[in-house]
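Two complexes follow with chain A in common, the first pairing it with chain B and the second with chain C.
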Partner chain A sequence: MKPSFILPVLFLFLVGCNGMSDPNEQFMVSSIGFMRTGAKVSAFVQSVDVKGGEQNGIPETFVVKGEGDSIENAVKNTRSKLSKKLSLKHTELILISDTLEKDDLEEILSMSEDFDVSLRAKIASCNDIEKLLKNDSASSGLGLISVIEQNAVSAGFGGHTALFEIKTAFLLGEEFAVTYFSSGEEIGIEGLYYYKNGIPTDILNFEESIRYSKEKNLYKGE
Partner chain B sequence: MTLTDNRRFISLIASVAVGDFVLRISFSNSITSDLVGILSACLLSVLAAVLLKSALDFYKKKSFKYKPLCSGIIMLSSAVPLVWTSLSSASNLSRYAENVMLKSGSSILYFISILVLAVFVAFQHRNVTLKLGLVLFPIIAIFVLLMFALSVQFMNLKYIVPYSALSVGSVWKTFSESAVCLFSAFIPSLILGNTAKKRHFAIAFAIASSIIIVCFLNTALIFGAELSSTLEYPYSQAVSTASFGHIFSRMDGFLYAVCFFTSFLKTGVCLLCAIELVKRALGSIFFQKNQLSY
Partner chain C sequence: MNQDYGRFSAVLEENIKLIEDIFKGDSILRKRKISFCSGYKGCLFYFDGMVNVSMINESVVRPLIMSKDSLRDRPVAEWVGYELLFASEIVLTEKVEDTVNSMLYGDTLLLLEGSSTAITINTKGWRTRGISEPENERVIQGSREGFDEAAMFNLSMIRRRLLTPDFCAELTRIGRRTNTIVFICYLKSLVNRNTLRELKKRLSKINIDSVLDSQYITEHIRDSNSSVFKTIGSTERPDVVAARLLEGRIALVVDTTPVVITLPYLFSENFQSDEDYFINYKLASAGRIMRIFCFFLAISVPAMYVALTTFHFEFLPTAFALTVSVSRSGVPFSTLAECVILTVIFEILRETAIRMPQSVGQALSIVGGLVVGQAAVEAKIVSAPMLIVVALSGICGLMVPRLRSAVFFARFGILFAAGFFGIYGYLYSIVLFLICVLRIKSFGIDATQSLNSPSFQSFKDVFIRTSWKRMIKRPPIQENDIIRKK
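Let's turn to the complex of A and B:
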């Protein structure tokens, strides 16, 4: 190898190896949920075991809870409970409870900058987030995503699902509606949760959801 | 110039013209104004490139003679913006690397690394750089188109249609940003394309303009004006929405490749041309040879 090649190659190695970490050393969050109880905000992070621990062919999922007085502190306290590094880069789903305030929602919407969450991540609403995440056994997070996607085709309605859609609606001061999960034993969708001025206003049943979707051209099925 | 030489020239100049546009692209509150600004800059760059080449061909035919000192000063003056462009491109890339790609590192380390690599490339023969352009540009083009195709599911035409009122300030801002990017490839194209024809110049800038417009539309159609104007790297964020099934949930690697290749080529090529101009200028000034020839 010519000596003139050595220096640039050395530089490349020096730059790329800094701060490297193994995927097994990271807690890869597939879903994250937030709810407020009085002055306390709870964050629930869900991850799948990357080492492949499975029960009956289904990957094992973990749900960890953290609390704080704000969204950011709740996420940071979740981090402190983990022995691994928390990674939100691959988060597919953000669950919000109707107990959250408008400021909480604004903070969640800025997660793409603060915590490197993809703007493509889906947002949905649920009453009992901890129960929903723990019951979600089908490939953690991806099971809930599949329910949202299938619903968009079969049920005949779809809401504003992506983080960037909600952010745009927030910036423009427009209303939006997110998919609303039931908090029963079986995972299912009850309808759409309608937000006006960033405040949860109304749960739309199936018929109302279909009408809303058609009006806003949100239905992406056939 | 052979067919391969033409392809190398077009690929390299198109890469340099795209440059760090994907990192610098910014939006105002009016997509229509931004689109008009970018389209105007693209059209003007193609016309200006052809006109410049025509002017130089005319200069060659007429064999204008400058005093060596004068030609030396002209070449040194041309080298200054090239060095500035090169450093600016490296700086943008290193800042992007610090903010997005490799957050735990320092931008100074990235800047030095990129500069060292660019200087290494700049001191090679120009054919090495031309070949590098031919290898990297198809990758850049394919990745940009691939990311556009994978983002289509999130696009919404309502952000472009209906057209909003034009804002002169926004048109000028976007025009000047795009023009700076595209026009910075003029001097390198004249230095490296001394045997190229006018149509090769036009093709190179037309291809670069197409890539730029695809990047703009990719962002505008997904996020719209309001959200795009709040993001630091809107194209980067737009591409992060692209996915291919559940396995490739984030295609950011392709984006990083595009950003690195385009910015690095711009840095290296501008340095290479600056070095060439300085060599000729010194030859003119100190050895009284008239080196001002394209």
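Let's turn to the complex of A and C:
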């Protein structure tokens, strides 16, 4: 082989483009949620059931839970239950419970970088993440996102919902608020969860959420 | 395999025996002894099926038998040949080899008692397939004439389009055993003399026993035998040959094949359709751009799909990524293997459909494309998006039939590069591919001249086809008389 051909091939190895993985070898995570109960952290991974059926053309989903003493270990335990690579490249929603601490949030943000989570992924808060994700079984996380977007249109308020917004707020040490889902049987939004210095501080009702949104120029209503 | 048989003697019986010995065992050799002008004897030899028998009867046998003339003060062969025969073309020769070659090409040999000079009479009259539209170069508008297997007949079709003494057809023979007749055709005032010299040099170096098709010659004279790109053109249409001769190119008309070779061959010709010049130039330009686009799709789509789904899954829209994930579930092969297998199956189906009779070919396409494809997806042997990707690539490849071999090999090469190295592999292989394209040469001329030294004029018949009003210059193949339109 001529040297002119060897050089590009060598370069190809050096660029590190060697992460080949077939789509069916990956576990495509549509939503991921984290909850802390005392010293334990639970990770909930929601994925499309590729072998399952469909409801009204929307593929069914299932939720897997993993536990550990940190976010990283909880995610690792989830992976071990699935026997497949976790792919968070198409994760649309990251759910955080109000029990998570500032360090946990920082770990989640750093994990999102490791897993190449899109910076446009939405972040929302909820009390009972497992229940919320299971109720969303027929809509693969995209249902929860459409609820957030519909709320922004109908009620008018919207929090700092994108991952890059939260990262920026953390970097600058600013306050932020994320959409807060109710824990009932019906999926709905209670308002915004207000975080100060990375610590969940207060749940804002609709009026307060609208006021907050207007203050932060996040108001979507008329 | 030419042999030197020596010369004829003045004894008729000896000459007859010589010819019979040369063609010993050949059942289609015909012999007819003839007496004429009260006392003169002769003998006719010809091959049945190669000659026009009625022409022999009317031009040779009848005038000889009916003649009451007598030999005057001149050789007998000249007397018979120039005064008695009605034939339009006769050749007097003493060399046996010349007469043997002429007989083999449909001439009739007349041997005479007392003469060591034989007469060959042009009585060619074999059956030809006739003029029909070439299957592979059909047009909606324009001439329907296509070449057939007789070189002389093909030359007449070219000459009818070039009514100028500038047109020249030089005869040469190639093939030690087949002695195949090849005509080197060109326009004397336009041809690039260097190219012509180089062609003759390459033709003279061919030392093969048989030439049964123009491809035999193509493979011997092309610049690089390992290249997957065409560097020598071919066509079955006389109007295309005439147009190329008018651009200063050279055509090789090979007897026994309807395919005429043209050279040099520019890369842009791969995207040109014969019809481009017979229809509205805007429509022709749109078609040409589409062909170029389809060529890139044909070599890129499977590779891009494999690279994106196996290395850069995040580049795909979520909804599409979900569809891919769901459809890939249960498929036993890796994405790369699945793509390679499907592409090979597509090539098999295409090859089979071409070789089959038309009615069977259509049925095969339907069964292969729809029924087997649908069944394979349902049986989870392949995924539906992959089927679409391979079919799209295959159909796009059919848009550029002249680049068939390039598409075939490039598709697999780029696919493997993308399958092992992702989008980087794809980009590198595309760059390598483009380098290979830019290095193509045809008879010493850059096949991508218009890209290597771009100018507005040179693009006028490359990516688009401008109107004839604006096509002022000929392609930069020859140095003389470059202005086409004044």
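Note that the second predicted complex is superposed on the first by the 193 of 222 C-alpha atoms of A that agree within 3 Å, B and C clash if a C-alpha of one lies under 4 Å from a C-alpha of the other, contacts with A are read in each partner's own complex, and residues count from 1 in each chain.
Methods note: a contact is a pair of C-beta atoms (placed from the backbone, for glycine too) under 8 Å apart; a residue touches a chain by one contact, two chains touch by 3 or more.
The structure presented is a predicted model; accordingly, all values stated were derived computationally and were not measured.
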item: Chain B versus chain C as contact partner of A:211, first or second or both or neither; value: neither
item: Contacts of A:118 with chain B and chain C, given as first, second, both or neither; value: both
item: First (chain B), second (chain C), both or neither touched by A:167; value: first
item: Touching partner for A:40 - first (chain B), second (chain C), both, neither; value: neither
item: First, second, both or neither for A:28, with chain B first and chain C second; value: second
item: Which of chain B and chain C A:92 touches, first, second, both or neither; value: both
item: Contacts of A:102 with chain B and chain C, given as first, second, both or neither; value: neither
item: Residues on chain A lying within both footprints (that of chain B and that of chain C); value: 8, 11-12, 15, 18-19, 89-90, 92, 118, 142
item: Chain B-touching residues of chain A, taken from the complex the two chains share; value: 4, 7-8, 11-12, 14-16, 18-19, 89-90, 92, 112-113, 118-120, 142, 162, 164, 167-168, 171-172
item: Chain C partner contacts - residues on chain A that touch it in the complex; value: 5, 8, 11-12, 15, 17-24, 26, 28, 48, 50-51, 59, 87, 89-90, 92, 116, 118, 140, 142
item: List of chain C residues in touch with chain A within their complex; value: 309-311, 313-314, 316, 318, 321-322, 324-326, 328-331, 334-335, 419-425, 428, 432
item: Chain B - residues contacting chain A, complex; value: 102-105, 109-110, 112-113, 116-117, 120, 154, 222-224, 226-227, 230, 232, 237, 240-243, 246, 249-250
